[in-house]
Amino acid sequence: MGRRLADLFHGRPRLQVGALLAGPVGWLVVGYLGSLAILLAASFWTLGELSGEVERTFTTANFETLFSEGVFRTVTLRTVLIAALVTVTDAMLALPLAFFMAKVARRRWKGLLVVAVLVPLWSSYLVKAYAWRTILSEDGIFNWVLDPIGLSGPGYGNVAVWLVMSYIWLPFMIIPVYAGLERIPDSVLAASDDLGAKPWRTFRSVIWPLVFPAVVAGSIFTFSLTLGDYIAPSLVSSNQFIGTVIYSNITNNLPLAAAYTTVPIAIMIVYLLLARRFGAFEHV
Amino acid sequence: MRLSRRAELLLRAASAVTLAFIYIPLVVIFVYAFNTSRVLEWPPPGLTTSWIGEAIDNSGARDAFFTSLEVAAVATLVALILGALASLAVARFRFFGRETISFLVVLPIALPGIVTGVALNTTFTQFLGVGLGLWTIVIGHATFCIVVVYNNAVARLRRVSGSLEEASADLGATPWMTFRRVTLPSMQTALVAGGLLAFGLSFDEIIVTTFTAGAGEQTLPLWIFTNFSRPNQLPIVNVVAVFVILLSIIPVYMAHKLTREEGGASPGRGGGTAVAAEGTAIP
Amino acid sequence: MSSDARSARWAWLAVAGLSIFIAAFAVGCGGDDSTDETSAGGEMLTEVGEGEGELNLICWAGYCEDGSTDPKVDWVSDFEKETGCEVNVKIGNTSDEMVQLMRTGEYDGVSASGDATLRLIDGGDVDPVNTDLVPNYADVYDELKDQPFNSVDGQMYGVPHGRGANLLMYNTDEVKPPATSWSAVFDPAEMEKQKGKLTAYDSPIYIADAALYLMNTQPDLGITNPYELDQEQFDAAIELLKTQNEYIGEYWSDYTKQMQAFTNGDSTVGTTWQVINQLLQADGQPVQADVPEEGSTGWSDTWMVGSDAEHPNCMYMWMNHIIDPKVNAQVAEWFGEAPSNEKSCEFTADPKHCETYDADGSQYLDEVYYWTTPVADCGDDRGEVCKTYDDWVQGWTEVKG
């Protein structure tokens, strides 16, 4: 029986590929893309007059609302800006640590540091968000530390969202950057030294171009996770973000919420295509 | 690379700042787990270990913990199978649409969780008309866990040349035998690493879970979400969080150890640690 | 173009084609689903049989206490022992959440306020209630029976639970002089003093509170009912809320978050429920809450039975239990509201409870503007120009900015 099957597949790479991909691609295309298609379909539906239940009659009213009401533009802009800021912040925080781990730390410490960076990934996102809520609160640590100097913490708001999001997604940036830096051969750095470059020059001209794809890869996570989050932002701010608007409209107006999801989807697809252009999907 | 004293000090300082930033809030959580007060105020009025006992006794927390384990286990299994299959196809063959597979696989995790959650929820409740339950959670989790297994597997397969498999075929082995005796052993630690990461991802996931969970069952994150604000349950939540963090050190360390030996350690590349790390990068 | 790029393009086209196909299928399939008829239909129970062993409820916070908030506050455990129905409680923070949860069909009953009841009835999510099967119903205050928000054409759709008013709570240390008027949260001069520490209920229904304030401060707008707002009145309310938004620290819907906010000093003044005020005072926090001089919005809640209920017998038993004089008294005192059962007044621990909370509605409760679903029909000679709940929802998104 095994032989029969093997003969069937022999010399037919297309069949082999087909058999291998049937499961995963089937799952992803039918299950996942199909769900997205249905969500897209729902964005053209409407609500019953009094009951507020979803009615499957075709209408473009939801998209018209998205474009005409200014609040959606404001919210989208605010979220995108904070996502970009978080990405830049995380890149700046990740690079020194990742470089230290990849090139400077001794073997023994390297392993420990990797574990040290990965463990927070496993600590509950929720608990971290709530911890920050208390850190930033009126009676929280920030104020407790800054009060004696006469300053006060940022409290809740956009700054808080930036801080918390940078915090929570940082490991997602450190790891690919670390991997990217590891791939740079020591010989290249040594050559740069031999040519007389100071550390900053080496970074600018040698390291940064080589590690950039990895940074872009990490940025996919930091950007996308910030773009769609609604739990942490609602804990440390009462401003609205893409995620919170979608979430609050799901209960009252599913079609509108579905229509609004097309915005982050479109943004992320553009982002992914750009990322691919910058080599985030390659590796050496 | 030669660093001047000043540069090295700056580097160390910056690294320390980043590490401190990462760990200070975790320390705060740790302290609150022993807080005598039921409200999160700072500084905590006193310390006690009594919450640990209460947490162990709490049936809601225990049930949620085991539910999470179940869901994560099944989701990881599905992700392992699908991810391994896809990685074999992509790494060993050239075909029509090969590039797109990577794109497709990363989509569930690159798109915001709320989009995935709402899409799945709408599909289940409006389109298919089925109720939500444990298996809908599993489907959601498996979908975005495929990518972490896939990444690890592809990274490994690219490092290990396909000539061994060709040799095996030349010697008359069926594809299944080749897979079982040649391919699988060379990639199994990558699968384990990917599986552990997938497990962790599923265990902690809250957003997609909120939309795909039925009324009856709760995963641990759902339990935390509903209980964090209940004054009586708050300290227990913190204890549970600390417990999960400490518990996670073992699998993380294991994944790290497993991948550092394999993957063809090349000089100056630090071998396996990079491969383990790559698992969370894009292929 | 490289072969990889070409193949990628084909793959995308295939995917796009498949998606559009599915989308078209989804849109086309199912035009006349359920919702068009005013479903004043549904099965009504004719007799209460054996308990099914389980009961899934959606409750307002504080309505279904089982000892986990305070070990002495528990009216669920007795019910479970007597009937064998194990109770699973899901707390709904807003009416919108409750409607959403009921629609999943996974719950047997819900304690619905007036802004949820009509939506549930119209959507076919709840069944009419056979009040003959609920013995304690006979003792419910008459003015709570056969109301527009809990009955259709003389058929009751639920069992009244109790009613109360939304209050204005303030931190007595920070807010001086004491806040006795809604101007504390609507008048810029007063809001300025608590800038960044104001709080308000996070639900579109809060627009009614703004409308109520305008009733008193801008009488020429002609608002007579804060839930019946035409375009001009609605716009004025939204403007007022947008102004308020600049002073708001955070909106609340989870009662324990409001408690934390007042305890930590993040909020110092805003709308609240009596139960929150009582819990904070029990904790020693310096807060006070009252119905302000302009009056208030409020709620009159009804227990409703889900049309997909798997445990209807247990639900009927629960409904009878929760309006039992002794139990209703406990709930009313814990939550801080007027009970629905006349006889409960003899069982309250505080003998003056019914008087304080105006159980028979003679003092102020009959003038409270209970939460109800805004509809297009203004109910007066303006016709059908009033804003619907959808408009309110959209307005609320605008307000939060």
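Observations, loosely collected:
Each chain gets a letter, A, B and C, in the order it is written, and its residues are counted from 1.
Heads up, the rule we're going with is that a contact is a pair of C-beta atoms (placed from the backbone, for glycine too) under 8 Å apart; a residue touches a chain by one contact, two chains touch by 3 or more.
Predicted, not measured: the structure shown is a model, and the values here were computed from it.
Chain contact topology: the protein chains form a complete graph, every chain touching every other one. More C-beta pairs in contact connect the chains of A-C than those of the other pair, out of B-C and A-C. Each chain gets a centre from the mean of its Cα atoms; for chain A and chain B, those two points are 15 Å apart. With centres defined as mean CA coordinates, chain C is found 39 Å away from chain B. Centroid to centroid, with C-alpha atoms defining each point, chain A and chain C lie 36 Å apart. Counting partner chains per residue, chain A shows two or more touched chains at residues 29, 33-34, 36, 38, 42, 134, 139-140, 250.
The set of chain B residues touching two or more other chains comprises 40-41, 95, 104, 127. In chain C, the residues touching two or more other chains are 15, 26, 260, 264. Taken together, the chain C residues at the contact with chain B in this complex read 4-5, 7-8, 10-12, 14-15, 26, 56, 68-69, 88, 90-91, 101, 104-107, 254, 256-257, 259-260, 263-264, 283.
The part of chain A that touches chain B in the complex is made up of residues 2-3, 5-6, 9, 13-14, 16-17, 20-21, 23-25, 27-29, 31-36, 38-39, 42, 54, 93-94, 96-97, 99-104, 110-111, 114-128, 130-132, 134-135, 139-141, 144, 167, 170-172, 174-176, 178-180, 182-183, 185-187, 189-190, 192-193, 198-200, 202, 214, 217-218, 220-221, 224-225, 227-231, 242-243, 246-247, 250, 254, 257-258, 261, 264-265, 268, 272, 275-276, 280-281, 283. Residues 15, 18-20, 22-24, 26-27, 29-31, 33-36, 38, 96-97, 99-100, 103, 118-119, 122-124, 196, 204, 248-251, 260, 264-266, 373, 375-376, 388-390, 393-394, 397-398, 400-401 of chain C are the ones touching chain A in the complex. By the touch criterion stated above, chain B contacts chain A in their complex at residues 1-4, 7-8, 11-12, 14-15, 17-19, 21-23, 25-26, 28-29, 32, 40-43, 81-83, 85-86, 88-89, 93, 95, 101-116, 118-120, 122-123, 126-127, 139, 142-143, 146, 155, 158, 174-177, 200, 203-204, 206-207, 220-221, 224-225, 228, 237-238, 241, 244-245, 248-249, 252-253, 255-256, 260, 268-270, 273-274, 276-278, 280-283. Residues 29, 33-34, 36-38, 40-42, 44-45, 47-53, 55-58, 65, 69, 71, 74-75, 134, 137-140, 155-156, 237-240, 245, 248-253 of chain A are the ones that touch chain C when the two sit in their complex.
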